[in-house]
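Labels for the chains are A, B and C, by order of writing; each one numbers its residues from 1.
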Amino acid sequence: MSSAPITLSRSRSIAARFRAGDEFAYTLTLVCAASIFLVTCLLVYQLWIGANLSRHQFGWDFIFTSTWDPAREIYGAVPFMFGTVVTATVALFISVPIGLGAAIFLSEMALPSISDTLTFLIELLAAVPSVIYGLLGIFLLVPVLEKTVVPLLKSTLGFLPIFSGAFYGVSLFSASIVLSIMIVPFIISVSREVLLAVPVDQREAALSLGATKWETTSQVVVPYAKRGIYGSIFLALARALGETMAVTMVVGNVPKVQASLLAPGDSIASVIANQFTEATSDLYVSALIELGLVLFAITIIINGLARLLILTTGAKVAK
Amino acid sequence: MSTTSESETIVGSINQEPLTSSGSAPKQAETIKLSTDRLSFHYGSYKALHEVSLNFYANKITALIGPSGCGKSTFLRTLNRISETIRHTRIDGRITLDGEDVLGLDVTNLRRRVGMVFQRPNPFPKSIFDNIAYGVRVNGLARGSSIREVVEKSLRRAALWEEVKDKLQESAHALSGGQQQRLCIARALAVDPEVLLLDEPCSALDPIATAKIEDLLFTLKDDCTIVIVTHNMQQAARVADKTGFFLMGKLIEFDQTEVIFKNPSAKETEDYITGRFG
Amino acid sequence: MLSPRRKIVNALMLSLTGVCTVFIVGVLFIILGYLFWNGARYLSIDFFTKLPVPIGESGGGMANAIVGSGKLLLLATLIGVPFGFLGGVYLAEFGTGPFPSMVRYMTDLLNGVPSIVIGIFAYSVLVRPMHHFSTLAGGLALGVMMVPIALRTTEEFLRGVPQSLREGAMALGASKARTIATVVIPAAFKGILSGMLLDLARVAGETAPLLFTSLGNNFWSSGWDKPTAALPVMIYQYATSPYDDWHRQAWAAGFVLLALVLAVNVVARLVLARASHAA
C-alpha cells in the first residue's frame, strides 16, 4: 500500500489541466490557421486599395489601353497582358509536347529505377531559382539564339509575321524559351504520376485486343489520364504567368504590342519588377499595383482550374 | 509416301492425351486448338508453374480450377503472353496454337487470335460503341459503316445488344457491373478471336449477372474455344466440358468435367472437390 | 493484322518519347554544367569576404549579400515555419468543417500568388508606413511565401500518421495535446523537416519580392530596419549591368546560390525518402 488514493478534487484539477492543455493547443493552432486566412484577405485588400488611384483615374480603360507612358502619366495594361499571355502560350506550345513525351517515356517505357532517377533529376530543374535562369538566359541562351536558332528559323519560317523583323537577342521569343524550360518539369512530374495511376488492367485490356504498345498508350492510357494532364498544363501555365526574374532579364522591357515574337516586349510581372522602385508619382505606383491586381486575378483563376482538374482525376493523384 | 506417314505420326501424337487418368479414350472428333507442353513459368527466381502439359480442344469449354495461388491465372496469362508485361518473368516449354509455336508468333497477332476477359470489368473510358470498335479499328479489321455492323454483331453475341442498342454513344461506365463485363466480352469478340480466355470473369458479379454470362458461354463455344479460370467449382461443373485441377503450380489432373467431379483419380483433386481444403 | 505501318509508328513514337526525355535531361546538364564552369572560374576568397566596390573599380565581393540573404532567410523561417507548422497541425488534428476548408483554400490561393505580388503586399504593409526599405519587409515577404507550403507539408505528413498510433497514446491516458506533441509530430518529423527544407531552398532563390522591400545595399546592413543586399538581387543587378567585372561576379554568385539550393534540395529529398521507407 503506497500512495494515498487520488482525491476527487485532485483528479478534477488533473482533468482541468488536461483540458487546459488541449484548449491551449487548439487555440494556438487555430490562431495560426486563422492568421493565414487573415493575411490572404489583407493581401487582397492592400492590392485593391493600392490600385485605387489608378482605378479611379482610368476605370475599365486600364485593361484596354495599350499606351504606357510614365512621362504623360498615361497607363494601360494591354502591352503587358499581351506579353504575359504570349510568352506563356508559346512556352506551353513548346513544353507540353516535349513534357508529355517525356512523361510517357518515364511512366510507360523506362525501368522503374531509371524512371525514378530521371524524374528526380528533372524535378531538380524546378528547384533552380528564376534569377539563375535569367542569368543563363542572358549569357547562354540569347547568344545561341542570335547565332544559330533564329537565323535558321528566319530562313525557313521567316515569311510568317511572328518571325518577322530584326532580332536583337532580348525578345518575347527568348522569354518564351526560358519559360518553357522552367515549366516543363511541372508538366512531366504531374503527368507522369497521373499516367502511373492508370490501372494496369486498362493497358492489359488494350494489349489483349492486339494493340501495339504505342496504340495502347496513346489511345487508352493517355485519354484515361486526360484530366490530370490538363491539370498539369494549367499548373504550368499559372507558373509561367507569374514568372518574373527570368522573363524580365531576357524579354527586352519594351511596353509595346508587336506582331513578331522576335521583337522585344514586356510582361506584367516583369514591368512591376523593373519600374516599381523608379516610379516617381503616386499614380505611377498605383498603376503598377493595379497591374499586380490584374495578374493576381488571372493566376487565381488558372490555379483554381488546375486544382479542379487534378483533384477530380483521383485521390492518389492530388498534389 | 513418307510424307503421309510423317503426317499421320504427327496427327497421331497430337491426338494423344498425356494426362487422362481415367483411361477413357478421347473422341476422334476432338481436335486440339491450343496446347502447352511442359510449360514452366518463373517470376524472377520463383517458379510459379511446373511443367504443365495441357490440351485445349476446339469448340469446347475448359475450366481450370484450384485453390487461391495455385497458378491457374498465371497459366492463363501465359497463353496470350500478357504475362510478358511484367518484368523479370520467364516462360520455359512450348505453347502451340494450331500447331504453331506461340512464343515465336508476333505477339500482337497472337493476342488478336487469343482474346482475354479479365476478372474485374475494365471498359475503356469511351462510349459503348467505341469500346467495342477499339480492337476492330486498331487492327484495321473493318472501316466506316462496316464497323457498326461488327459492333452490333459482337453485342448480340454477348447478349447485350437489346440493352444498349439505344445508347451506344453513352459512356461504358454508366452500365452495371454485369453489363460492363458482357461489354468486355463483346469487345473481345469483336476482333473474332479463335480462343477466348476468361480469368474468373464472374467473381465481381452478382448471381443473376453470373448466370447470364454462363449462358453466354454455351452459345459462344460454337465459334471459338473457351478457357475459363474459376474459383467456383459449381461454375466449372455447370459450364465446362473439360476441367483441369491445379495445385501449387502443377496440373494435378485433367479430364472430362464429370470425371473430375464424380470420380477423380488423384487424392488432391478429391480433397479439393470435397472441400477438405481450398 | 500487324501491318508494317503499325510497327513503324510504334517504334517511331516510342523512340520519340525517349528523345524528349534525353533532351530535357540534356538541358539540365547544360544548365548546371555551364553555370558551375563559369561560376567556379570566377569564384575567389574575396567573393566571400569583401564588400562590393564602386562602379568602375574592379574587385570586391559579395560578403554583405551573403550575410543579408542569411538574415532574410532567418526572418523568413521565424515567420513562415511557426505559422505554417501550427496551422498545419490545426488542419490535420482539429480540422473538419467549413472553416478549415476555407483555410485550406486560402492557403492554396496564397501559394499561387506570384512572388512579385507578395512583394507589393510587403511594400504596402511595411515599407510604406515605415517610409523606408528594410530587411524586415524582405523577411516578411519571404516568410509569407513560406507559409503555404509549410502548412501543406505539415498537414500531409501528420495525416499520414496512422490513427492507431494516436489511439494507442490516448488509451494510455494522454490528452490530445500531449498525444500530438509527443507521438504524432515525432512520427511525422522527418517528412515535415524535409518539406521545410525544400520550402527554405525555394525561398532562398527568390528575387522578385525583395526588389522593393529589402531593396539592396552596397554596405553592411545592421539591424533589421535598413535595406540589405541579398544574393539573388545582386545576381540580377550585376547580370543586367554593362560591366564585365560585374558579370563575372554574377556567375560566381549564381554558382554559390545554385549550389546551396541544390544541396538543400538533395538533402531534403533524401531525408524524405528515408522517411517514407521507414513508414
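Worth a mention:
One rule holds for everything that comes next: a contact is a pair of C-beta atoms (placed from the backbone, for glycine too) under 8 Å apart; a residue touches a chain by one contact, two chains touch by 3 or more.
No experiment lies behind these values; they were computed from the predicted model shown.
In terms of the stated touch criterion, the partners common to chain A and chain C are B, listed by label. Nearest to the global CA centroid, when each chain is reduced to the mean of its CA atoms, is chain A. On a Cα centroid basis, the chain most remote from chain B in this structure is C. Computed centre separation for the pair chain A/chain C is 15 angstrom, with centres defined by C-alpha atoms. Centroid to centroid, with C-alpha atoms defining each point, chain B and chain C lie 56 Å apart. Computed from the mean C-alpha positions, the centre of chain A lies at a distance of 50 Å from the centre of chain B.
Listed for chain B are residues 108-109, 112, 139, each touching two or more other chains. With touch defined as above, residues shared between interfaces to two or more other chains in chain A number as follows: 210, 212, 215. The multi-chain contact residues of chain C, meaning those touching 2 or more other chains, are 2, 6.
Looking at the complex, you find that chain C touches chain A at residues 2, 6-7, 9-10, 13-14, 16-21, 23-25, 27-28, 30-31, 34-35, 38, 82-83, 85-87, 89-91, 93-95, 100, 102-103, 106-121, 123-125, 144, 147-148, 151, 175-178, 180-181, 198, 201-202, 204-208, 211-212, 215, 232, 235-236, 239-240, 247, 250-251, 254, 257-258, 261-262, 265-266, 269. Only residues 1-3, 6 of chain C touch chain B when the two sit together in their complex. Remark: chain B residues 80, 82, 85, 87, 108-109, 111-112, 115-116, 118, 120, 122, 124-126, 134-135, 138-139, 184, 187-188, 191 touch chain A in the complex. Considering their complex, residues 18-19, 21-22, 24-26, 28-37, 39-43, 46-47, 50, 97-99, 101-102, 104-106, 108-110, 118, 120-122, 124-125, 127-136, 138-140, 181, 184, 188, 210, 212-215, 218, 238, 241-245, 249, 269, 272-273, 276-277, 288-289, 292, 295-296, 299-300, 303, 307 of chain A touch chain C. In the complex of the two chains, the chain A residues touching chain B come out as 111, 199-212, 215, 219-220, 223-224.
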